[in-house]
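Two complexes are shown next, each including chain A; its partner changes from chain B in the first to chain C in the second.
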Partner chain A sequence: MRKTTRRTILKTAAAAATVAALPINANAQSGEPIRIGILTPLTGAGGNDGPRMLKAMTAVFDEVNKQGGVLGRRIETVVEDDQTNPEAAVRAARKLIEVNKVPMILGTWASAVTAAVAPVCWESKTFLMTVSGADSITLLPHQGFLIRTQPTSKLQATAHGEFMLSQGAKRVGIIGIQAPFALPNKEHLENTLKPKGAEVVSHVIYEKDKPTYRSEIDQMMRGKPDYIYTNGYAPDTVVLLRDLYRAGIDMPKFAQSYAVPQATLDTIPPEVSTKVYTGQPSADIESPAYKLAADRTGDKEPDGYVSQATDWASMAVLTIAKAKEASGVAMKDNVRKICQGSGQKVYSAVEGLKVLAEGKEINYEGASGPCDFTDIGDILGCRFRYMHVVKGKLEFLKLV
Partner chain B sequence: MEHYLVAMGVTAGIYAMMALGMNVIWGKAGLINLGLVGFFAVGAYTSGLLTLRLGWPIPLGIAAGTLVASLVGVLVAMITVRLRGDYLAIVTLGFAETMRIVMSNELWIANGTDGLSGIPGPFRQALGPHLFNLQFLGIVTAATVILFFLVERLVNSPFGRVLRGIRDDEQVVQVAGKNVVTFKIKAFAFGTAALGLAGALYGHFTSFIAPDLFAPLLTLYVKLSLLAGGLGNSIGAVVGAVLVVFFLESTRFIIPLVPGISAVQGAALRELLIAVALLVVLRFYARGLVPESIPQPPLPTAPPEAAVAIERVR
Partner chain C sequence: MEVLQLIVNGLMAGTILAVPAIGLTAIFAVLRFTNFALASHMTIGAFAGFVANVTFGLPAVAALGFAFVIAGLVGVLSDEFVLKPFRRAGFITTAIGSIALTIALENIVRFIFGNQLRGYDLPILRDWNIHGIRVSPQQVENFVVAVIVMAALFAFLSFTRVGKSMRAVADNPMLAAIKGINANVVARLVSFVAMGLAGLGGMLIGLDTTIDPLIGFKTILQIFAAAVVGGLGSIPGAVVGALVVGVGEELSLLVLTPAYRTAVGFIAILVVLTFRPRGILGQRAY
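Up next, the complex of A and B:
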């Protein structure tokens, strides 16, 4: 009896405290935790990138939880593996939505997976954030329940084209994986190179999971390029780089930063990776968001995926704080209120929460860029960070 | 939770239909078809394209998907008719991969790797997601039950006996005067029709299909269903499919309970568990959980009358 009484008193006290604390967004963590769904590839082709993205997101949530959570509630993540397979991903997404009742899912990677998961999300009013770059993704009838931090093919290819021009490229040979971004990338590159007197001399598409790309390389070399634009993922790009080295082809090679992470470079001899340049969407050079992401993950130069995952987690927290509720609809309606506009610039979730608590408007500037979105959920524009490989190590080159 | 169970029920139903189709080709006729996901894709794409691009009504699209998958099945059967065992397995696997690669690269057919999105589902808008799933569970269950009885009827008929004969000893069947080739093609036609039907239903259920969906992973899950349930047995096929989906899904809830592992290790552990489960089934239930029962010919209990008569004469 005594026990029950004490409990009752405690409960009443806790409830009273919560009610009293709610309007001023107290630091005390009480009430149900806010569950956020994370659906990244942990196995399959994306198994290289998913774990890094997961780590970046949990790092942000941990930081927020240490500072007292959001709306006085802890953030809890529910992680599922999308297996880089649309069928398995849909099953996982349904579990997150129907069983864990998550208001949002962060992290789909492959475009086919995102396109398969997106209808499940918007039908159940769940918000989705993704890195999938295919132009077709944001054209889906998602009713605002989707944003992506990855620049469109057009933004990326135009920037990459300009970078290669600045390096003196005249004849560009493209060799890349078959993916939704393959063809649009080529077209946008052509459009960028043509007016400047350069051209795309060959375009070869290869299948994933091949042990060698020697014949594809020969096919590409037939156009006599002076600059190679590789357009694949990490597992195939490393095969490609080895084969280019074996073939004795010694010319500059451009790759997406996620295709040549430092982890890959550590597994190949430095000769193989000479003259490799990488690019990734990025925030300003002096952007504290990028530095914070680097400190948080212990990764000296976080790549595009790690930066973007950092931004999802931060935007998720800030939107919940702004909307004062954690639901898919609230996410959809409020996400643009914290990441664009004339509010005070903030560079991390914790910082943003403090400014929001003061009742001010905020504008989150992320590690992957300014994080400003169009109505269909594409990012408006961003800078690009270029690195080059020196003796097997990625080094900063410039920011455009 | 119940909505999730409904959605998983639909998945299990679709797996069961594929397992039933496979059972006719592999379980009964003994033809190892590793290209099942290819026929599944044909059904899904045919119905998806017809309803999306030409505005066909959904039932007609599904029927067309079933039919076209069956026709492709006949074609593949005619090409591979002289192959058996491993050779047939590798060629059919090649067929499924070819389908996937063609659909990835020929953008004009169905948007390549972007896939087909917005495939209509019956009353999707009017019902809302939860009722729609429930309705679809009804459709898939009905289709599975009908298919189950069709397969049962087929394998218990003289036709089914010939298929079993081909599986056990092709030459004996040939000596008995049966045209083995026609029987094999017919088995393929029926089995791939079931695969096409499953594919068409899947497309209308999820509203999105893309070449990446038709990776060998799905083939392996259905194969696993058959091995676990019992090859050559319709009940086994359905039980196996339900078990595989149950197992795939329940591991999601078990893994987080294992202390001290990260999410990445959990994902790997999940795949390991599936592999171990298969090994355990193969080791201890080599013929599946519900083994095929082959009706024994009736044995005479008493000596035949003629023999008795002869005995008397002596």
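Up next, the complex of A and C:
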């Protein structure tokens, strides 16, 4: 008779654990995959952010798939490029919904794109998650089929106004692209500046894709500003910065961080970008979810977009698990049940799946922030991270 | 003073537009279709110039020559192997084929170079202020290059045997064939010169801004408007049309907000074609 040793007990336990785990993994491989649509800008003005957002989402889904998937099914992504172009985005969204039958679309970036894609989504009961900031987005009659992790134009412009005030701005000239956020931003800036004795002295809206904005700059300068607020995307903002430098305008300039990424700064001589300040909704850099996102993507300091994309993918997985089905309606009805409330705090999809499997309630706390949403799909608040350009390189300035 | 500044800005912008617009109209004059693949050849020229300037360290003027030659060669190959078979199916099919071609070529550039914005290795100089009118040295340089290239092209068409053959085929292909002019050779030559000009134009725009794979696509509508306003098929017409569109867009800022700029080119098409259906200078090639 064989003697029972500690080693054989351990071996048996390991074998038992493997066998116990088998049905889950086998099930994960055998079920029909859950298809999730990803519609990010891989080209066009958002081409700098879209691919990184895609990578962040894929990393979350890969991690979940390695642990056996969700509801015993693998997550499969169907990726389309919205080209930062509303018309191309609508075509791509229709393809995702009608051909690939996805229950949700993650990733629209430009406000004009989201405004065009959102009706296609809510009409087909497809859930949409976005980073578009224009106030008008969540005011659309989306019936709950939309949430965004990006702060509204109001939150952003108010924060930007306060930043410019802190820098001593008294007369702000706004020059920005024709976009849904153009006029609301101006209004919110005026409302922030006026009570503090500062004002918006000129506001010029330009068209995208122009090789020069010399005449537009002349128009803006007629208001005699002492601080310039640029409100565009990267391809037009770089043209603007070059033309401002050529015109000898050396006053401070503020831009959204997505309009002046380091890759853009690398295309221009350092003297052109002096006194350029950027701001962006900050990721929650102290959150465990943020650290996990950094490890998962291999990005030491994931920015707001990578963090938000991480959160969409995680919320998608957890909502499907909570609702026990992958449909747009289930997403709409259950997304708030996994990311706000008094449930156990979790910081990743895999962790959340384990807690849900134990029958407990969860509250997903994301890499971008707490991921608590209002009834119309806006986040309740966030921090802002400001950078300035020193010798052609972006350097951290402050977190507010 | 404001009007004068706007006119100067418009002339600078229009002159740059004129270079690829000549290419578009030259192809129409000889091959009788609108080749929208001009857009991707602008992109190819801009990136060829980038490689010459940034990778090989050549000065901008030499890089412009590189942009011309590479875009011209790609133009000949793409016409020979892609668009030529389409031509038998007619004008519309070939024009649509050229749109497909431009998207394919643009994506090849994207595959090789990626999406990010790139800039040439050039200093950015402050504007000159001449009696209250601001002029950028880079724009003046681009303006001079564009004028020299156009002058060289007109001399080529006027004084060389090959240039005269091209005009003959454009004006009366049947008579040119009777005279023994080989239409295939002229087609290849026109593709080379026209797409070379597109490449040059793409790089000229890039010198003043930045480049990305969409650089040609962003400007093709303005170029098309310029060629139509001047008279599609007329080479001097392309120059006149580009200046009208360039100056018109700038002057429109006196009464319109900049957000409506692009509409001006198309309003110009409507106005000109209403009174002169063949464009300002008609359709005679030269």
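The definition used in the following text is that the second predicted complex is superposed on the first by the 327 of 400 C-alpha atoms of A that agree within 3 Å, B and C clash if a C-alpha of one lies under 4 Å from a C-alpha of the other, contacts with A are read in each partner's own complex, and residues count from 1 in each chain.
Simple rule for what comes next: a contact is a pair of C-beta atoms (placed from the backbone, for glycine too) under 8 Å apart; a residue touches a chain by one contact, two chains touch by 3 or more.
Nothing here was measured: the structure is a model prediction, and the numbers come from that model.
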Joint occupancy of chain A by chain B and chain C, clash or fit: clash
Taking the superposition as given, does A:Gln143 touch the first partner, chain B, the second, chain C, both, or neither? neither
Kindly classify A:Thr374 by the partners it touches after superposition: chain B alone (first), chain C alone (second), both, or neither? neither
Which superposed partner A:Val238 touches (first chain B, second chain C, both, neither): second
Is A:Gln344 in contact with chain B, with chain C, with both, or with neither (first, second, both, neither)? neither
Applying the touch criterion given at the start, work out whether A:Glu123 contacts chain B, chain C, both or neither, answering first, second, both or neither. first
Looking at A:Ser166, would you say it contacts chain B, chain C, both, or neither? Reply first, second, both or neither. neither
Look at A:Ile205 in the shared chain and tell me whether it touches chain B only, chain C only, both, or neither; answer first, second, both or neither. both
Looking at the overlay, what does A:Ala92 touch: chain B (first), chain C (second), both, or neither? first
I'd like to know which partner A:Pro180 touches here: chain B for first, chain C for second, both or neither. first
Stretches 26-34, 152-160, 206-214 or 278-286 of chain B: which one clashes with chain C? 278-286
Chain C-contacting residues of chain A that also contact chain B: 42-43, 51, 178, 205, 207
Can you check the complex and tell me which residues of chain A touch chain C? 42-44, 47-48, 51, 178, 204-207, 209-216, 218-219, 234-235, 238-239, 242, 245-248, 263-264, 266-269, 271-272
Interface with chain A, chain B side, in the complex: residues 1, 3-4, 7-8, 11, 101, 104-105, 107, 111-115, 117-118, 128-129, 206-208, 210-213, 215, 217-218, 248-249, 252, 263-264, 266-268, 270-271
Using the touch definition up top, name the residues of chain A that touch chain B in the complex. 38, 42-43, 50-51, 54, 79-81, 83, 85-88, 90-92, 94-95, 97-99, 110-113, 115-116, 118-120, 123-124, 134, 136, 140-141, 178-180, 182-183, 205, 207
Residues of chain C touching chain A in their complex? 2, 5-6, 9, 13, 16, 110, 115-119, 123-127, 134, 136, 138-139, 205, 208-210, 212-214, 218-219, 250, 253, 257-262
